[in-house]
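Chains here go by letter, A, B, C and D, matching the order in which they are written, and residues are numbered from 1 within each.
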Amino acid sequence: MIISMRPHASKEEVDHVCERIREFGYKVHSIVGEERVVIGVVGVGDVTACLESLEATPGVERAVRISAPYKFVSKEFKQERTQMDINGLEIGGSEFIVMAGPCSVESERQIMETAEGVREAGARILRGGAFKPRTSPYDFQGMEEEGLKLLAKAREATGLAVITEVMSDTDVRLVAEYADIMQVGARNMQNFALLKSLGKCGRPVLLKRGMSSTIKELLMSAEYLVAHGNPHVLLCERGIRTFETATRNTCDIAAVPVLNEMTHLPVILDPSHATGKRSLVPAIARAAVAVGADGLIVEVHPKPEKAVSDGAQSLTLAGFQSMMSQLQPYIRLWKEARLSELAAAV
Amino acid sequence: MIISMRPHASKEEVDHVCERIREFGYKVHSIVGEERVVIGVVGVGDVTACLESLEATPGVERAVRISAPYKFVSKEFKQERTQMDINGLEIGGSEFIVMAGPCSVESERQIMETAEGVREAGARILRGGAFKPRTSPYDFQGMEEEGLKLLAKAREATGLAVITEVMSDTDVRLVAEYADIMQVGARNMQNFALLKSLGKCGRPVLLKRGMSSTIKELLMSAEYLVAHGNPHVLLCERGIRTFETATRNTCDIAAVPVLNEMTHLPVILDPSHATGKRSLVPAIARAAVAVGADGLIVEVHPKPEKAVSDGAQSLTLAGFQSMMSQLQPYIRLWKEARLSELAAAV
Amino acid sequence: MIISMRPHASKEEVDHVCERIREFGYKVHSIVGEERVVIGVVGVGDVTACLESLEATPGVERAVRISAPYKFVSKEFKQERTQMDINGLEIGGSEFIVMAGPCSVESERQIMETAEGVREAGARILRGGAFKPRTSPYDFQGMEEEGLKLLAKAREATGLAVITEVMSDTDVRLVAEYADIMQVGARNMQNFALLKSLGKCGRPVLLKRGMSSTIKELLMSAEYLVAHGNPHVLLCERGIRTFETATRNTCDIAAVPVLNEMTHLPVILDPSHATGKRSLVPAIARAAVAVGADGLIVEVHPKPEKAVSDGAQSLTLAGFQSMMSQLQPYIRLWKEARLSELAAAV
Amino acid sequence: MIISMRPHASKEEVDHVCERIREFGYKVHSIVGEERVVIGVVGVGDVTACLESLEATPGVERAVRISAPYKFVSKEFKQERTQMDINGLEIGGSEFIVMAGPCSVESERQIMETAEGVREAGARILRGGAFKPRTSPYDFQGMEEEGLKLLAKAREATGLAVITEVMSDTDVRLVAEYADIMQVGARNMQNFALLKSLGKCGRPVLLKRGMSSTIKELLMSAEYLVAHGNPHVLLCERGIRTFETATRNTCDIAAVPVLNEMTHLPVILDPSHATGKRSLVPAIARAAVAVGADGLIVEVHPKPEKAVSDGAQSLTLAGFQSMMSQLQPYIRLWKEARLSELAAAV
């Protein structure tokens, strides 16, 4: 921690701050500058509590944390990439993973047709919502358990693993019976009750970045999962909210290499929510491969204009197939780079 | 709804769109412009489903909803202000209500001292968190039920009503046993499982605006509460996330008159979270009175530098008292204006 | 400055950084923490150059400036409020100043009628654009010099001082012949060629905050004006760009007390651009008085629906008059507070 | 245009609006819905003026423009890509163009060394600032004409074309004597005096997106250049300002395919300003190639830690060389796709 005092802070104020720091078990290094006193804080203790206290103490202008507020998810804690095995599929390693499927599970026919279509085109994981977070109470809220059963049926028929969203800690046990990966939606990234419950669910979790969450906050929410017992976390960039309205969200593509510098967890990109527009999805998918994401999660629907939700951003099965072919040479470049990185790490 | 077609949409595309609209039970009015066809949609039906479908239909450039997506919370549905009685206290009427107290309940002594102090200064409702949403899993998470009991004790001693946060649908019943008003935090504004559960809790709910939520989304979340059975909703502006870092959030002061134009629900302003800095709280509190909010919710702590959370933005008891005296002439102007508005409405 | 090194920075990297700091003429205080080395930099020198260099130096994680990057505009440089005399009118002192008028000067009749109307209602300065920054090259670009002449004529007839916008350093001399206050628009806040030229123009300058500029950047642009010779700067908050679309911009009301803590320059609020909607202007104007702004700049037009620009946010003359009456009791409270502050400062 | 009236607008209000529309020379199509009247406006006229007027007219809730506000820069006006020849180099065609060089021209030795280094690595255009827009009046403001001369000297020695920034309309003539491409910085994207002057400068212009400008506003500023006589405009995405602070700006990667759908002008990406951090530049450069940008503009400095500006985001010469080799297979994929697109367009 670094504490900078106000320019004209009195000696009493400086002394009081130093005393408070020592009460928290830290050591104090004062630096007397031309304009103000700056205090370096060294040692081990409850950083947050100390910071909170100092920010509220008279004479203090700013109290800044230097060390990261998360631990288990950081590269400093663990250098090598976290890989996880999901139904024989390795995520975070040398395979670029594509998850695809409809926004909502709507019927047996719809989910089966989609599952077969996306598997043929090269997807390895089926996405589909059974519990839907909808802005309006009057919109379709999902098929719930019936939807989960249809997903399980599609898994059986196609061999694809299944990812689906869970919206409340009360549903964690139920969803975990059916899903291979538990998805936390952007609106729930800081639903701490849900995160705590998912820490003990025994399934990998894909954690979507909140639409106005910083990368640091995303890592803090991932830390919740790991600290509560679940090391299998996938992070997902899905666009953030900005002033620009040409796209549904603004895809923060740099979040991928930033996360690769900060954490060992795999990073998935969602080009469908990031853009909100079908025609933009393939270009953003190529960008995701090029920047080094570990995979994609893409919305696909057999008949987008009949979809109950997110039709405008869903690819048709033909569109998805065409995108997947286009992606192949990029994925080959990705694989070369990844293999040489993994070889170097040994 | 208004559907604008792409400039060179074919006749087949336009016909297909019109047909789709009719399938949803609407009537169609085509307007053939110089550059493109625009289609007006009239009638009663499932607007969202129709919009979603059209946005995904070939040839469509944009599909825009004209009517508001919420109903019960709108001024069109109900002109007169919603007033609610809380322990003999009327909110939304001719009294400007101040809620005050610590961020977290920390101990009996702390909450008792604060409750007495804020009541003396003129507050009518005691705030205090027993369940705390914290960004880090390592930070203090609240005293939980023990904290609720202390709040109840403070209510008994002082006569103040109690407002406290509920973070999960599993806790709703427990919190409702102790609280007079249930608070939904900014991070949970779109926790739809929680909102549904609060629809049936039998207590008024203060709904904080999400830090990157639009005013329309705030109203949609309020609509969830009302549509699920709870008409007693207080809206709360607490600052939004922007690029500016001089304050913790950016206080969207215009949200107050905007909401007053759009809804009949009372609007509370939280100058503590909106600024994050003690010295700015009184000025923003004056602004809140001046723009016509129905009340304030303010963080107060007997010893901010010993607070376990939000010390930097908490007023001392003396600071709160001084702010309350300063506010009196503004509140008198507020009351005059409100009384003449209420008289005119009769 | 505080330099924090990466967690595993080598001794060579730390030594090299210390050496670089000394080359810039500073003294070094190393603090060896549990995880990393932090270096305090003390002394007088070219802070920006040193920071830029260190940020680019291997092993450095972050280089943070502690002292403010501006000097003349800061409260540390000068405690007492900057007051300026404009045609016998004192700004920044014990009078709350209202500037009002149309977005654009359109005709002699329009500007004369407006000038008389706003003066009667209590405005002291006439605003009106002769050079208009328009997003589209096809929109009305202003009456230019002819508009300036009409403003001068209105000043003669009414005794109001005149404020008008200047958009390019090539026009500074011309505009200064007619205007009492030179206005820099939000889009030009960082037009440094213009700022340098205005430093020598001999007229007070009202500097509007850029729509995505931080408060610190606003102060840096003000510093340009002062450093180039012009101490008479008025700052203007006019709303910033955020994700919210219910208002044209988001009025950052807290910017007023924040600026009052940081600078001695007067602060004006523009409720018209901050909201973009006529019906919201009076509430925001009241808030501006309540938070302690030094004045308002408001758009008024005799027939808003015939205005060539900004009609939707312009008050009618009757609307302006009504707002001004409503404001009187708030201005009285403002004046009391200001007078006692000025008395205390003596 | 589509005008939606307020829910309870009176017949008189509707009639008055229709009359106003006809005064502007348009035809009116009223659609009477369940809740409100919506009016479609058809014909040719001054859209902006009409919109402005209607927004200010009683009873109107919203007036929405359907047609794009720009013309010459749109795909509707011209389908085929705009290609331009710069010193024998074709931009916008089948070559991916890399511009590279230091933020500021600092000395003959620095610019010569950089020019030779970046040319060897494959850059075709040399960037370097002689006039520098600096947030602080105390920072290095550029070598001005002397810097321009050094750039010309480097061009002579290496055969690279030269791009450099112009900050004021008074400097346009001078800069045009030396530069092959005139650069407009993000802070000047809406400096309309500068844009008008550049319309007649006879040189291609690279127009950087303002840091809080929408894509539509970027196109409007490009329209200024074209409407004032200059069809040779390159658009540049350089990151936008958001709440995220892990990067200097947020790279809006989707802006590239969005622009490719909306305009025929070439799009360049600046990964240096978009991220502000050297280590992130190569990943974002790969993404730029993958999404289909026409080129890159990259900051390179022989000794970043001795750079007077932007050192932290500048690549070393070795770093640039390594990035360029890495990019080659991506550029090959880019070229294949572009050639087949151009062939299809014939």
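The working rule: contacts are C-beta pairs under 8 Å (C-beta built on N, C-alpha and C of every residue); 3 or more make two chains touch, one makes a residue touch a chain.
Computed from a predicted model, the values in this text were never measured in an experiment.
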Report summary line: Those chains that touch chain D and also touch chain C are A, B
Requested in this report: Go through B-D and A-B and name the pair with more C-beta contacts between its chains.
Outcome: A-B
Report task. Calculate how many whole Å lie between the centre of chain B and the centre of chain D, each centre taken as the average of the chain's C-alpha atoms. Result -> 39
Report summary line: chain A to chain D, mean C-alpha position gap in Å, rounds to 31
Query - Rounded Å distance, chain A centre to chain B centre (Cα mean) - result: 27
Query raised in the report: For chain A, what residues touch not just one other chain but two or more?
Result: 212, 241-243, 245
Requested in this report: Examine which chains touch each other and state the graph shape they make (line, ring, star, complete, other).
Outcome: complete
**Report entry** Residues of chain C defined as touching chain D within the complex
**Finding:** 20, 48-49, 52-58, 69-70, 133-141, 167-171, 187-188, 190-194, 210-212, 217, 220, 223-224, 227-228, 241, 278, 304-312, 314
Query raised in the report: Along chain B, where are the residues that touch chain C in the complex?
Result: 212, 214-216, 240, 242-247, 250-258, 261, 274-275, 279-280, 283-284, 286-287, 289-292, 329-330, 333
Report summary line: chain C partner, complex, touching residues on chain A are 2, 4, 7-8, 29, 31-36, 38, 40, 42-44, 64, 66-67, 76, 212, 241-243, 245
